[in-house]
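By letter and in written order, the chains are A, B, C, D and E; residue numbering begins at 1 in each of them.
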Amino acid sequence: MLEPVNISLESLNIVTLYPMLIPVIGALLILCIDIFKGGLDRTLYVAITLLVLFIDFQTLLSASNVFATEGTVVGVFDMMLIDGLAIISQFIIVGASMFFIPLALSKKQFHESSYPEFFAMFLFTIAGLQFMVATDSLILIFVGLETSSLAVYTMIAMHNRDKSFEAAVKYFTMGALAAGFYSFGAMVFYALTGSVEINQIATVLAANGYADMGYVLVGTVFMLAALGFKVGLVPFHTWAPDVYEGSSAAMAGFLSIVPKIAIFVVAMRLFEFLIHSGVIWLEIVLYIVVVSTMTMGNIWALVQSDVKRMLAYSSISHAGFVMAAILIGTTQSNSALFLYWILFAFTNLGAFSMLWISRQKELPHGQTSDHSYEKFSGMIQTSPITALVMGLFMLSLAGLPPFALFWGKLYIMSSAVTSGYTVLALVMALNSAIAGYYYLKLIVYMFMKDPVDGATGASFSSNASLALKAIIGFAVIGTIFAIIAINPLLEFISAFVYNSGY
Amino acid sequence: MFEAIAFYLFAFLTALMFFITVTTSQALHALTALAAGMIFISAFFFILGADFLGAVQIVVYSGAVMALYAFGMMFFDTTRDVKEKQGNKYIIAGLSIVSAILVVLIFAAPMVTDNITALYPMTEGVGNTQDVGMVLFTKYLVPFEVAAVMLLVAMVAGIVLAGKKMDASLTEMSEAEIEEINTRELS
Amino acid sequence: MMEIGLNHYLVLSTILFAIGLIGVMKRRNLLLLFFATEILLNSVNIAFAAISHYYGDLTGQMFAFFVIAIAASEVAVGLGLLIVWHKRHSNIDLDTMSTMKG
Amino acid sequence: MEIYLYVALFAPLVGSLFAALFGASPRTKIAGIVPSLLLGVSFIASSVLLKHIVSGGDIVHVEMMTWMATGDLYIPFGFVVDQISVTMMMVVTLVSTIVHVYAIGYMDHDKGFNRFFSYLSAFVFSMMILVMSDNFAGLFIGWEGVGLCSWLLIGFWYHKESATWAANEAFIMNRIADLGMLIGIFLVFWNTGTLQYDGAFAAMQNLDQETLTWIGIFLFIGAMGKSAQFPLHTWLADAMEGPTPVSALIHAATMVTAGVYLVVRSNELYALIPHVGLFIASLGAFVAIFAASMALVNRDIKRVIAYSTLSQLGYMFAAAGLGAYWVALFHLMAHAFFKALLFLGAGNVMHAMNSELDPFKMGGLGKTMKVSMIMMTLASVALAGIFPLAGFFSKDLILEVAFVDHHFIIYTVLLLTAGLTAFYSFRIIALIFHGEDRHTALGFHPHEAYKFMLVAMSPLLILAIIAGFTMKMPYFEMVTQLLPATEYHVHSATTYWIMTIGTQLFVILAIFFAYRKYMSKDIRVPDGTSRMENNFFYKLLINQYYIPHFYEEYLVKPYRELSTIFFKQIDQKIVDATVDGIANVLLATGESTRVVQSGNLSTMLKWMVAGMVALLSLAVVFGLAVKYLDEIQAILSGLGV
Amino acid sequence: MLDNILSILIFFPALAGVLGFMIHKDSMRAYGVAVATIEFGLALWLWYAFDNTVAGMQFIEQVALIPTFGINYIIGVDGISLFIIVLAAFFTLIGIASLTDTKNVKNMIITLLMLQMTMVGVFVALDAIIFYIFWELSLVPMLYIIGAWGGPLRIYASVKFFLYTFAGSLVMLVGMLFMAYFYYQATGVWSFAILDWYRLILPENFQLWLFAAFFVGFAIKVPMFPFHTWLPYAHGQAPTIGSVILAAILLKMGTYAFIRFSLPLFPDAATFFMFPIAILAIIMIVYTAMVAYAQEDVKQVVAYSSVSHMGVIILGTFALNVEGITGSIFLMIAHGVVSGALFLLVGVIYDRRHTKMMSEFGGLAHVMPRYATIFGLMMMASVGMPLTINFVGEFLSLLGFYQQSHILTLLAGIAIIVGAIYMLAAYKKMFFGELTNEKNRNLPDVSKRELVALIPLSIITIWLGIYPKPILDPINNSVESIVQLMHDKSTSEEAKKRIPNLAREAGLVTSQEAH
């Protein structure tokens, strides 16, 4: 007979669950509202979502206070783990989501945002991601990952046109394969250590001195494939361009930022101890993967004719850039990862929002995709401010100082230099130069070509509403004046990362 | 002895069933083979003493999932022969076999599992289901709840995607058409 | 040989996983492709149960339990997507889905 | 005295700027008269300074302002009037004043009258800087300044292709030499720490022979360019494309003697390195006969005179190289007078003949142009070195110097050259002024030049006649206060008289021969058919020893072709193509590998599995490598890796 | 006001540029001229307030930006940078004033004002990252100017310009990060401040690598052979104003950076690389001069001549002595004035005939005597005629390098020959000969607006050629302190020998050496 278990509520440390519970409750609330009164306007749901996220943000703030005073907190049978990484990444997840959700308030109506389920899905996604980053257990990571992924597949498909279905199906199918990889990898680690908690895995492996190197390598391979798929590392990246192209620009922007940071945190937790424990293979392979991701992402971006697709490939390249931080694996590089991602979030938010506001329902004559380069021809003449803003985001993405992303690149490259990865730093530098070309290509179209006949500036902001403009304005300010925020951000991130032991 | 015979028997059967699943051109055969494979897998679970898991396997897979797939098959009208253009078979076979061999090579080696302590040990004299329940509702409470959320998501997703909401695409309609629909609904 | 150890299960799991991979790569019909992904997850479940058994630890069973749950939800979403696609195109052949490329 | 120095220096500049004011206006006499007057002022100021120096006054040395000062380098605008520079100043201002006045008439009908005087005065200013500067840098300013003005003036008639070509040739040729000069200056600075003449020459006494030799050689390379010494001589003959007053002033009297001036100015240096001096002298002697030989057959009056100038410059270098600096300077002065006179006379002839330059088309001009004839004849006599005209005292002195210093080869060469000089000088005199009238048939109606032009020329005539016997001794007194006061006397009186009279006889014989040959009635305009014209030596000489041809074929053309190759082949096809190539490789990689993204889900899944398998293979390889690390190491070390 | 005049100099044009969006199109030119005049006045004020006797930095401002990572907004000016700033303000002014009728004049002027911000920023930055910011930022306005107002190949040219320079500077950025890391290792504090870095003595092998990293960035910007091929395209396609500013100021960033970074930070490496770089410089000088001779487009002639002159600047810089470095800095200014003027002059004829092919011209001296005169003056300055501004710089540069190598200076001196060849040939083709092309028959001579730009440049060309002292003195003071710093910091025998020790020569032992 089993003994009954008595557990006091205090020892559960329910507080660690609050940040994830709030979006779940919010999502349920939205579903309930829809049940009681259908046909409500999307503005309501956007507002509710925003409020929920806002509260979520507040709980994160208090969690960060807890962390600052007490250090790492575990709770709910040690399943939840609130450390610096979890807090920073949740800040990014929730913060970025707060900026992406108002994009639903576009001037034109699109299918997904017209239905409350979309907002519920959105919040579920966020909750799933939050669970992923705030735990040590491969099980919870898996469940959280799948929760968010399933919601994301649905949201993509809800855009409701052929390309988005195609994107969703592709993403889904490959995601299923990746889930297989993930479970296989987790199984190997479990077989090795008898545990699915990363901490425990690390302890056991260290204790037996990596005696079963073969098993460790197999487990790492499968994990790398699964996580690599989610962040889009070459050669697991093939979903990214199609999915970005198929989903709406707002969704694509969201995809390029929010889910990836969660995976990065998982990767950081999982690979950090492996890299530092002398699994040189991982270092070599990660090196190869990082370099090929950066380079091939860039090279494929060079030949794109659609801006959104180009941004997809560029996101792949950026992911490779950030993965390098995990490869380097010092406190500085891990801080750099978060810094980079925050700044990347601002810039990419802006860039995708700019695409979003220029979204037309019918494709103009002679264009095969929503955001072909030709569409932006001569933008400076017909719509100068829009062109300037778009140009600004492109320059920031290219890493031109003093715009936001430059500081991220600077810090990551610095961490590479500091840890002796000189060649990697040079590869990063040269890749930034290659990347310059395709960002410049858009600028060339906007600033140096003449508009196609009959084009007016109106088409560039045909989908613009006040909310979208405000978001873009915010992104612009963030991108230009990032330099002011770097110091506090850096201090905050470094302290949190360092105190989490990474 | 019995264990070995059972293992090899079911291993052979499972592999065969799954092999049929992935190779047959008859969708119905594939479905049947898959269902059979699932059942055989549950046999492993029972052999390994994971009774609860075995039950769940039968209920969820052979019950729910298979039923879903069966409905799907009917809906998609794939009861006929499935014609599939095949690409390069060597790539497929090569990749799979290589991966299998590589992993098997490693897995064939014995593991150094001396110092593994079971974190959530099975309790002597207690049924597997009870045991599982204990762990599930303490340690794995959160994942369990999240899994519930996930199932909710899947449900909502299924409803949304398969429901009427997706029939007319607002994305592809002009604003005027959307207005028209809205006013019609209101009136 | 007669004594069935953990390695036997792991090898079996791997073989089944490889079969699943064959299916994933080979299948052009999306429904049948989804079958193959089920195989992938199931093959891992065997290994989890086996490890759990040999270590006397319940975690493996837990993992397998959640894998089953995940597999089930995936089926729901996957079928939903297929339905939407099928409504419009009357097929579920992945070769028809290649409007986006390059 | 400083005020006179400044007046002498800047009056030409003022004149130049004044004329420049009218640069874009139509021709106006005042643009010619004012600069001429200002040059007169400059001449007077120079005369005052001369008087001051001659009467034993102190050397006038001023420092106007700093030019460059950085690190250890300090270069002021400093000017010095000493015995050497005052000589040059007198020559320059006198000849240029005369040429200015002459040019008022000569350029009378030219559209660019005002411009001309601006350039001409600017030239004088540059020349004054050159001779008056108290340091090498200032010298270089003047050096380049005269080069610039020479370019402007040779190419004055810029619509003529040949003129602009000659201008560029002159400029570039001079630049080659200027590089040597510049290097010489650098050497001086880094070895002596200063560019001031006094400081630098004082410091040179302590330098080793090798450094001094290099300094001497590089400075002399500079001199070679400006004074058109072989092999940089071709520009001088081509420079005759410029207006004749320019040829008289720049390419006879002043600028081309700058090289001689430089050697004389650096006498303290060259005194330390006699072997370089000997080289200079030898080159001078060679150029003397080399140029004279080309003058023998040339059919262009001005070119003949130009070759004669070249030849005389050779004399000067021979003297300077042998250490007879004052002799060189004296010949420089005397030569300036009669050569300028000769050129201006030639200018009159050209004027009369509508710019026709072929003496074979003239003949018998003496009837209409008596004054010019007398002037040119006397100038030629002076050039030939016949007692008692200027040339005798200066040129024959050089022969004596060579003889006394026992450089008998140089002596012989120079003696021969003296004969050739007389021959070609009187060849053209004979062809122009005497013999049959060949020009009327060709439709020319010659006339004598303006009176004031002739009056302007008269001081030159007088100087050409009297400069020798009146000025030799006072000049020697004066200039040897600064230069080595070596007197060159043949010790045996007999030898002296034999030499002198022999030389005179030889020269007169040459003149006589020239007259005989070219006054005959059957002189016709050569048309390439005569036996002489097909003679090898004639061809060699008329083609200037094929040196211009050589330059054109083996320097200019290859340079042009090499430039094109550099641009078309190397710059575009290699350097630029590499850069573009990198970009294109990236783009091509993108284009060729984008098929990976075929859009087909099955392919995508295969890629994922393939990636996983690849990682797995790496893992196994790595795992095996770790497992068998020791064995691998043993094998590798066995292989000697 | 004087305390932060440098910040005002940087940000005033930027602010004015932003406000420029409000200005009506027709009033834009007046606005631009007004702003540029004020900016130029401020620059002159800076010069006036500048203390010539001080060798170090003046008007230093410091604001913390990212103190955790050692990045701060530190700016200051010394004799080396002062005149380039004044020149930048001056060229922006005459550039805007002489702007001929262009489309989108508003955008052009705003872009120019932004460009001015970056130009001033580069030369006053005393923090490597601030320097880098402005360095990179300067690419953007130039990209737009070339790409939007340029010739038929403008897009190719502008993208090439941008990417080439961008790639090089990223390598340089890696070098900077290393430098900061070394500083961190030595002191435990991050710092990107150049003056902090000056105090760091690095081992020679580190110096070599860092020097190489910085070199890539600078060499492409200069541009040095064989990284020069973007320049002819950029110049060939850019509108007049673009070429003028590119040649006059932007190219100087590279050579300035050599003096600001490479020499004082890596004296041993500078000595080590002196000869290879000198050889590159000589190739630049002679080879590009020959390439210039082969051009048919007059603008390309001037463009390649720029490369050739930059070679002399590089040579002077790597003379590593006061004379050479002073000369190279002076030559930067001189080349700025002269090549700027030459590009303006090419623009004059391009405006009239819309072609730059020399074969289209010939005999222009007949119809455009004033133009021919100014062109002639600038050409003579370009070939290094004494008493023009270029000569002073060229003379000092070559003189300086002569101390290091005789034979290389002799080879480099070929510059004065080959320079004359292509320039005279081009001048002859354009201006001399008979007027053969009927289209040139009625060309108007230079207009008043064009003279507004050309006359001051002519005056400067001659004035500074005759009296360079006001500029040479401050440069000299600052250069002396840098040379002394290099001598004190150098560790290798070779460097100690090559870099003169000014303190010992003057019989002084500075406190630095006492340590």
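Just so we're on the same page, a residue touches a chain if its C-beta (ideal position, glycine included) is under 8 Å from a C-beta of that chain, and two chains touch if they have at least 3 such contacts.
Quick caveat: nothing in here was measured; it's all calculated off a predicted structure.
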Chain-touch separation of chain B and chain E, in steps, is 2
Counting one step per pair of touching chains, how far is chain B from chain A at the shortest? 1
Taking each chain's centre as the mean of its Cα atoms, which chain lies farthest from chain C? D
Taking CA centroids for every chain, report which one is farthest away from chain E. B
Ranked by contact pairs, first place goes to B-C
Please indicate the chain closest to the centre of the assembly, with centres calculated from CA atoms only. E
Please work out the Cα centroid separation of chain B and chain D, and write it as a whole number of Å. 98
Rounded to the nearest whole Å, what is the centre-to-centre distance of chain B and chain C, using the mean of the C-alpha atoms as each centre? 5
Which integer distance in Å separates the CA centroid of chain C from that of chain D? 94
Round to the nearest whole Å and give the separation of the Cα centres of chain A and chain C. 26
Show the residues in chain E shared as contacts by 2 or more other chains, in ascending order. 163
Can you list every residue of chain D that touches 2 or more other chains, as numbers and ranges? 583, 594, 597, 599, 601-603, 605-606, 609-610, 612, 616, 619-620, 623
Two-or-more-chain contact residues of chain A, please, as numbers and ranges. 139, 143, 146, 150, 153-154, 157, 169-170, 173, 177, 191, 194-195, 214, 217-218, 241-242, 303, 437
Which chain pairs here would you call touching? A-B, A-C, A-D, A-E, B-C, B-D, C-D, D-E
Considering only the defined contacts, which chain C positions touch chain B in the complex? 1-12, 14-23, 25-29, 31-32, 34-36, 38-39, 42-43, 45-46, 49-50, 52-53, 55-59, 61-62, 64-66, 68-77, 79-84, 86-87, 92-93, 95
Which chain A residues qualify as touching chain B in the complex? 1-2, 5, 7, 17, 24, 31, 39, 76-80, 108-112, 114-115, 117, 120-121, 124, 127-128, 131, 135, 137, 139-140, 143-144, 146-147, 150-151, 153-154, 157-161, 164, 191-195, 197, 200, 204, 207-208, 211-212, 214-215, 217-218, 248, 361-362
Where on chain D is chain C touching in the complex? 594, 597-602, 605-606, 609
Flag every residue of chain A that touches chain C in the complex, lowest number first. 138-139, 142-143, 146, 150, 153-154, 157, 162-163, 165-170, 172-173, 176-177, 179-180, 183-184, 186-187, 190-191, 194-196, 241-242, 245-246, 303-305, 309
Can you list the chain D residues touching chain B in their complex? 602-603, 606, 609-610, 612-613, 616-617, 619-620, 623
